[in-house]
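In the two complexes below, subunit A is the common chain; its partner is subunit B in one and subunit C in the other.
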Partner chain A sequence: MRAVLAMLRKEWRTEIRAAAGLFTAAVFAATCVMAIAAATFTTDLRGDTAAGLLWVCLLFSAAVGIPRRFLGEEESGTALLLRLMVPEEAVYWGKWLFSFAETVAFSAIVSTLFLLLTSMSVPNPGLFGVGMLGSALSLSGTTTLCSAIAAESKNRSGLAATLALPLLVPVIFFGIAALRVALGAEVLGPRTLDEAWRAGWGLVGYGIASVAIGPTFFAIVWKR
Partner chain B sequence: MLAAEGLGVRLGGRWLFRHVTFELVAGDVLGIFGPNGCGKSTLLRTLADLHRPSEGRVGPPESLGYAAVDQALYRTLTAREHLEFARDVRGAGRDPIDVLAEVELDYAADVRAEAMSSGMRARLRLALAIQHAPSALLLDEPSATLDEAGRRVVGRIIAGQRQRGTVVLATNDAAERGWATLALDLGEATVGGSDRPGVAA
Partner chain C sequence: METVNRLVIGLLGALMAVGTAATFMVSDAPKFQAPELARIVFWHLPCALVGSFLWLAGQVCAVGYLHTKEARWDQRSISAMEVGTLFGVLAMVTGILFSKVQWGAWWNWDPRQSSYLMVLLIVSAYFALRASVDEPGRRASLSGVYAVASLVPVLFLTFIYPKLKVVQTLHPNVIQGGELTFDPQYRVVFYAMLLLILGLGISLVNLRFRTLRLESALDIQDAELANRDHSAAPRVVRPLSLSPTDQSAASAIGEAFGATDHPR
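This part shows the complex of A and B:
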């Protein structure tokens, strides 16, 4: 646990001091939300449309983080230091914890900004919370894993994006199914509401599964 | 304490070295020599488990320290933070300031790596390699960017390491050769024919 916390502290210090990565993600997310707000200024957004647009913002602000997980360590040569000193499970969990914390923070900022600028209300805050938690778990687990797998490749960034696409498709479906109802899309009966909750918890389950299998894949790709 | 048995690495369709066999005990300093491209650094990385050998095996030491001239550091972390990080992830190691004093870098404990000279970074790499008192210390051209005082630090580190374990030193520098008590010439081992057995120390 001490090694995991040391990795997390190292990630925090290097990210905050370099600033470029976090700054890029913040600017990207804010621009994305403002563009959507400007485009729909005179329109009453429906819950299902809003869920899709919010997910675009969440997905792309998370995608900005992919190159900063492992690809950056390989490109700067510091991955060698990690391989020499840090137990592989501590590398994985430290990286994932930072990614999760970052995704939670960005999700909170992006969704708050989105709701404020589009004047949307959240009729079902419980379902919205579950959907956002599942999104953060799934996005951080998937992007950490893809970054680790692609780090050894010659075409790192291209491979990371290619790997992430199929893994994120179920996340997008589950996420939008939960958030559209949470944001007030028309509910035709108790079955639809149940389905939305199942999608929300399914998203949480997918996130937990992607995080849990991560160390197994990571152990294979990390050792040279 | 550190052994290699029939070790060989093939890269880009050619053997860098083959049949490298040795067994080191406490007090040994193995010097690895040879021309550029003969695989000195690759052999060191293979011993450090950073590179998978194409054949043969390494008898790993209990603990390992590694410092190479091309080893990157976190540019936004200070010397003290590097050593705190190393101590915490290894779960062992001396106080950062004590280790920095040993490599005569304690005056720059709070200087970030990006603001250090190449010689200061070399000293920090040495500090990271010895902080946890490893049983085997692998050094790749350790004094390449160091001044005379820095060379003396390396000499003291090697002398101290001999008291508790082994040293493997990859170099072509005449002064560094003087620290070695055993020699393995990879150039000799490969120039005569790629299938010829390497030097056994």
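This part shows the complex of A and C:
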């Protein structure tokens, strides 16, 4: 546990010292939301469309962060030092925890900005919260693993997103199914609402599964 | 072994010709816009099923590699993934062709079409990863992990998503209560074509696997030769023994280009 916390501290310090990564992701997410808000300014957004657009923002702000997890370690030559000094589980959990915290923070900022700029309300905040929690779990689990896989390849930064985005397809389906109802899409009786809740919890389940299986895969990827 | 392989491929070719002829002997399907063109189902559906089966087989072989670290499991995995992709692309192409005839557009964003395209994207990402790592051991491990990690999305997109009640597809539901809804005549030909295409797929995987084994054996031989000479530079020419036909072809090249010795 101490090693995990030390790893988390190290990630935090690295990000703060070279804040370029965080700024890039923030600017990217804000620009994405503003572009969508400007494009839909004269239209009344429906829950279905809004859920899809919000997911585009969440996905691409997460994709910007992928290269920073492990690719930076390989480029700065610190990966070898980590392999020598830190147990592999601690490396994985430290990186994932930071990634999760970052995704939660960005999701909160992106969704607040999105709701403010598009003047949308959230009729079902509970479902919205479950959907966002599941999204953050799934996004952070998948992107951490894909970043570790891509770290040793030739065209790292491009490949990391190429690997992660297709794996996130089920997450996108579940996410949109939950968020569309949370954002007020037409609900045709209690069955649709139940399905939306199931999609929300399915997303949380997928996220937990991807995080739980992550250390096993990571051990294979990390070993030399 | 070589004779058996040739016999199997010859037999498959002959059966495939018979199967193709049989697809034209069944009556037209009157429910479709172009009843005579509905026969494409005998190619489209088996290609889609065999493609998915081979991808899953490739992912299972990747688990085998991660468990044993034996190169042959990785070779089996990549062989199945490559041949699976070939069948996946064929299913896509035949689907697009029939989509234009039946639904009036090349692409309809039908959930089944889209989910199959996404599976193809996942497989493409797998190939992109393999192409980006040079060292064979690392390539096998990293792509093995990616193949296993993509198992859940592939299963979801292939079997779960198209069957969800909220998903409305233009594709006819051909399996109801575990039974094919085809007319009996179509059913027989369909099963025959499915078996033949599966057989073709497996024999292609086997052929690709043997090619990979040979390539790997040649690489090992090259490395041994380079070590024996205590030279940092690997040999460029492989010491292949030439068959009499190859020798005569080689001497013809030698004569044509004015060389005095046969190239070896």
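Please note the rule applied: the second predicted complex is superposed on the first by the 223 of 224 C-alpha atoms of A that agree within 3 Å, B and C clash if a C-alpha of one lies under 4 Å from a C-alpha of the other, contacts with A are read in each partner's own complex, and residues count from 1 in each chain.
Simple rule for what comes next: a residue touches a chain if its C-beta (ideal position, glycine included) is under 8 Å from a C-beta of that chain, and two chains touch if they have at least 3 such contacts.
This structure is a prediction, so every number in the text was calculated from the model and none was measured.
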{"item": "Touching partner for A:L116 - first (subunit B), second (subunit C), both, neither", "value": "neither"}
{"item": "Which superposed partner A:V27 touches (first subunit B, second subunit C, both, neither)", "value": "neither"}
{"item": "First, second, both or neither for A:A39, with subunit B first and subunit C second", "value": "neither"}
{"item": "Which of subunit B and subunit C A:A108 touches, first, second, both or neither", "value": "neither"}
{"item": "Where subunit A meets both subunit C and subunit B, residue numbers", "value": "none"}
{"item": "Residues of subunit A defined as touching subunit B within the complex", "value": "2-3, 5-7, 9-10, 13-14, 17-18, 76-78, 80-81, 83-87, 90, 224"}
{"item": "Residues of subunit B touching subunit A in the complex", "value": "48, 50-52, 64, 66, 70-77, 81, 84-86, 88-91, 128"}
{"item": "List of subunit C residues in touch with subunit A within their complex", "value": "66, 118, 121-122, 124-125, 128-129, 132-134, 138, 141-142, 144-146, 148-150, 152-153, 156-157, 161, 166"}
{"item": "In the complex with subunit C, residue positions of subunit A that touch it", "value": "145-146, 149-150, 152-155, 159, 162-163, 165-167, 169-170, 173, 177, 195, 206, 209, 213, 217, 220-221"}
